[in-house]
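Some structures are shown below for you to check.
One chain, subunit A, appears in both complexes that follow, with subunit B as partner in the first and subunit C in the second.
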Partner chain A sequence: MLQFSRFVAIRATLAVFTLVLVSFIVFSLMEMVPGDCAERYLAFKSSQGAVITAADIQAERVRLGLDQPYVQRWGHWIVNAFQGEFGDSCILRLNIRQLIGPKFWLSLGLCLSALLLAYAIAIPVGILAATSKNATVNNGLRFVSYLGLALPNFLLALMIMLFSTLVFGNSLTGLFSKEFRDAAWSVDKFVDFLSHAWLPVFILGWSATAFAIQTVRALMSDEVGKLYVTAARARGVSGRRLLMRYPARHALSPIINSLGFDLNRIFNELPIVALILTLTEAGSLLIEALARSNDQQLAGAIIFLLTASIVGINFITDIILALTDPRIRRSIIG
Partner chain B sequence: MTRLLDVENLTLQFDTDEGRITAVDNVSFTLEAGEIMGLVGESGSGKSVTAKSVMKLNPSNAHYGPETKIILHLDSGPVDIMSLQQSKDLQVVRGGAISMIFQEPMASFAPAITIGDQMVEQLMIHTDMGKKRSKELSIEMLDRVGISDPSTRFGQYAFELSGGMRQRAMIAMALSTKPKLLIADEPTTALDVTIQAQVIDLMKDLVTEFGMGIIFITHDLGVIAQTADKVAVMYLGRLVEQGLVRDVIRTPAHPYTKGLLAALPSLDDLDAPLVAIPGDIPSPLERPGGCVFNTRCSDNLGARCGAEVPTESLLSSQHNVACHLYSEEAIK
Partner chain C sequence: MTNMTDTSSPVTEAAVNQKSKEAYFTASQGQLIWQRFKRNKSALAGAWVLIILILSGMFAPFLTPYEPTISGRDKDYLNGAPQIPSFCDSNGCSLRPFIYTSTRTRSIQTNFRWVTETDTSLEARRYLTFFTEGASYTYFEFNINLPGEALDFHVPGFKFDTHLFGVEPGMIHLFGTDSTGKDIFSRTLTAVNTSMAVGTIGVIIAFVLALAIGGISGYYGGWIDSVLQMFTDAMKTIPSIPLFMALAAFIPDVWSAEARFFFISMVLGLIGWTTLARRIRTHLLSERNQEYVLAAQLCGASPAHVIRRHLLPSFSSYIIVDLVISFPYMILSETALSFIGLGLKDPVNSLGVMLQNVTSADVLLNYQWYFIPVLFFIVLVLAFVFVGDGLRDAADPYSDSK
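What follows is the complex of A and B.
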């Protein structure tokens, strides 16, 4: 137990260290964008008709603390970031935490749901595909999963929206109905959310599922051919028991290992899907922050949060692996 | 002696992407209870596949010839193994009446299940023992094969044991259900020479004690000479020679057997050059016609060897060879 706590502590430290490193990269990227927050805000002001002088810019810099040395500002930023504070948006002049907090959790929820959906389908289907001798089943699954890999998410989203508009007269966009959009959370709002959320989850899960089926199938085919499975058959173990206890049980570790990678993929696809479905969550806000308004403070916060989620899930899968795989467990817990 | 196993006209083909290949061609042999038979041949000669056929353990792309007959004689009566289709039916022989030990003990234990769990599982399938009794017997078996601190080893994983210990555990597991027949597929090839000797001695002792038959697969004629009662030599899916170990090793008849024996390094004469059998074992996709060995044979008689499959010639009551050199016409 003591050794396990030590293992968790070491992994947690490593995760934090990774995040600090990431924060440095993110912060440096924010700095490398030509112009700073003060210039950007005042340029925005000027476009609104205000008269701006060089002295105004300098005063704004001092007010935002941009005159301090680079490392000091990074230190300040990272200390705040770990507390969930990212300061104000450059352009919108709103607290970033308030601006994106709920949206970020929604995004994370959508991505995790898509991941869950992908593996809930991929694990049984992948096992079936790897063990089935039926050519029709195999070819059918192969076709569906190639379709999943080849058909881009945005195209699928557009197709579903088109279909829904033509048939039901509802384009299925957004995460909430109008009446709930600004309402406080309630049971009704949650139900309304679920009735909208299935579509982005489905679309995000679509290619993730196809990808996960390929992963599970490859891992299972690999395990099924191993000598220990033949040896178990030679001892009279058969049927479901053989399948679940031997190859499936042993394919689990690499599957758990691939979760972080898959979440990353889903996150990468989120902004495009969000844009098309006009979801007002973090993904589309990120694109907006980067492309439309050049809001580096906001973009940095979002990138940092997304990275933190992936570091987080990798930390969790490391712990799960340590608990489930005896080869790892024995080396750290004994 | 009581008959334990009859294998008659075993023919086995595999469907592969390149077409159907013949892995075993019309092989027949018998085994008595308490007898150790060595099955010898190079890699690819079909010896493992032959032994696995006895448990129908070959992969699903395997097709057995219609003439194939494998009968296992148990106390309860003969079992026609070819007629068993479902894995439930095959349970009687798999791990029950027949156990198998594989070449790589590390790879034949499931890595994430303890040795003990795998042993108990087998006992629960094949006996009516409860969990507690199965555990006791498993620990007792681990002790019997010379594993120190067996109750600790019971709860360990294969990766926590040394190579020799793993193979001992494998033997303990294989023998725990008191099988009538043990198939040992190169059980000592992956072990150090010193441990190899220990494991062979252990197997010989246990055979005497349990009174079971063993099919011992190896490419090492030295091991066979010390271990087996009789030996069958395979080449490219055919049985080319079989007989008592003494006869086959002292007076080998088939040019292939002679070649195998000549290829053994000798410690008596360190300057003697090693004599290899010329050429490589042909691909099963390009099986030579006639005698399968004719492409590498130093005594090739010419057209006849390339065209006609040699029949078995009896050299003595228990020693026979499939070679044209020993056919009636050739002897005349």
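What follows is the complex of A and C.
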């Protein structure tokens, strides 16, 4: 037990350390961008008709603490970031936490459901592909996984929109029906949400699914030929029972490790898919923050939060793996 | 019969065997890879498709009838449907392919909407012409602007104005036109070229960075390796497209399209080096303790020399494979960025730029030919994937257990 908690502690420290490093990279990149928050805000104000002088910019800098040395500002930022506080947005002058809070959770929910769906499809299909001798099935799956790369999620979304517009006369966009858009959460709204959300969830998970099928298949085909499977078969175990009890348990535990990587893949697609499917409720805030307003603070906060979710997933999967896989448990606990 | 072959051929068969074995053992790494690659039919097909696409991208100014920019627009045929040349119709056949003349009218009868009418009579046929003279284009033209008047010079290059095909009179649009009347066929081929250029610059920068970081990390090992690996891991954890968006969003609006192009390609490279760096480091870590490295070090070779002359050649084939595999990712990232308006901008053509306005209901319902370039890019990326997979199998010396 003691060793296990030590393992958890080490993993947690590593995760925090990674986040600190990430925050440093993100913060530095945001610094390298020409112009700072003060200039940007005052440029915005001057476009609204106010007269701005160099002294105003300087005063604004002092007010925002931008005159302090770089490392000090970074330290300040990271301490606040770990408490979920990202200060005010550069241009909108609103608290970032309030601005992105609910949208971030909704986006994260969408992405996690996409991840779940991807694996719910990939694991049975991958196992089937590894054990099936049927050439058509195998070639078809190979083609699908190639397409997963060649037809990235946003092109798939475009194609589905084109298709559904031509066939159904409805482009299947948005997350809510009109009457629920501004309503409070209720059972009806949730049902309505589900009836709209399945498509974005599928599209978001699309390339992750294609890749996960490949991985599951490769891991399974390595395992099914091994002697312990033959031995089990000789003892009279067969069919699904054989697959699930013997090779699948071996093959699937490394897959848990790739969850974080796949979440990264899904996050990559989120802003663009959100834009195409007009999911104004979720990821398009990213695009707004990044593209439309040139908002360093907001962009930094969003990237930090996304990365933090990936680091979090990695931490959780490490723990799960240590708990469920006896091979790893042995190596930790001894 | 069996006896005959048994008695007569052993000598020759053995000789042939001997010869093929000798050829196998003396073949260079490149020859072996090529032999294995040739056997993979889908990879070979992918390679042909890739070569054709790259060449048609490079010779796009000749192969396409019009300029892909606003100066090549057809102001009488906006949002025009594809015009497919045909040889025969109800009025009889012709050896020379022809298209019909379309006129666009708008009147009270059509509720003031633009309506295209196609005149299919014999007189309205327009015949294709080949090696037509049209807009001029140059190859190998350079303008070098170094600081100081004396260092500026201009290489005029070669100027051509012949295009593979055209039509007389008027203009032909194989894939239709967009809302400003630009020819989608011309734009597509140019876009293939742009994507290849972005990919090439991105891959080269990623390669140099990966080589430097992975090389240092793998060669020295120890704490340098740990620090660099931590940095690489952190870099890998950050979702690249949001990061890329954040960086690209800050490009000043005053930058020219060319400056944007180079900046975008550079950022792609700056973000995309992590996987390759990891591979190089792993290879180096396993190779650096081999005796031939020790021998070189004892002879007084510098680390850079050992990496360059002894270690790199041992896995250069893997590096090439990884570069080919990372190419489609670069192209797709660029497309995604340009699509949301953060990447390349208008006078430069790329798939993303061309797809910028397709999500509107108007396009989805009425102008589906806007989507034709997508097919080209799926084929381009698939070709890269097939070639990359084929090369990976071919570069693996254990793939055929001889």
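Here, the second predicted complex is superposed on the first by the 311 of 334 C-alpha atoms of A that agree within 3 Å, B and C clash if a C-alpha of one lies under 4 Å from a C-alpha of the other, contacts with A are read in each partner's own complex, and residues count from 1 in each chain.
In this section, a contact is a pair of C-beta atoms (placed from the backbone, for glycine too) under 8 Å apart; a residue touches a chain by one contact, two chains touch by 3 or more.
All values derive from a computational prediction rather than experimental measurement.
Residue contacts after overlaying the shared chain place A:Leu162 against subunit C, while subunit B stays out of touching range.
By the touch criterion stated above, A:Ala212 is placed in contact with neither subunit B nor subunit C.
Using the contact criterion defined above for the overlaid structures, shared-chain residue A:Leu199 touches neither subunit B nor subunit C, since it reaches no partner.
Of the two partner chains, subunit B is the only one that A:Arg233 touches; subunit C does not reach it.
After overlaying the two complexes on the shared chain, residue contacts for A:Ala81 are found with neither subunit B nor subunit C.
Touch criterion not met for A:Ala129: it reaches neither subunit B nor subunit C. When both complexes are overlaid on chain A, the residue A:Arg245 reaches subunit B alone and has no touch with subunit C.
Looking at the superposition, the partner that touches the larger set of subunit A residues, subunit B or subunit C, turns out to be C.
For subunit C in complex with subunit A, the touching residues are 230-231, 233-243, 245-247, 249-250, 252, 328, 332, 335-336, 339-342, 355, 358-359, 361, 364-365, 368, 371, 374, 377-378, 381-382, 385-386. Only residues 133, 226-228, 230-239, 245-246, 249-250, 253, 325-327, 330 of subunit A touch subunit B when the two sit together in their complex. Of all residues in subunit A, only 17-18, 21-22, 25-26, 29-30, 33-35, 146-147, 149-152, 154-155, 158-159, 161-162, 165-166, 171, 260, 264, 267-272, 275-276, 286-287, 290-291, 294, 299-300, 302-303, 306-307, 310-311, 314 touch subunit C in the complex they form.
Interface of subunit B with subunit A (complex): residues 55, 57, 60, 87-88, 90-91, 94-96, 99-100, 102, 104, 107-114, 118, 121-122, 125-126, 157, 159-160, 173.
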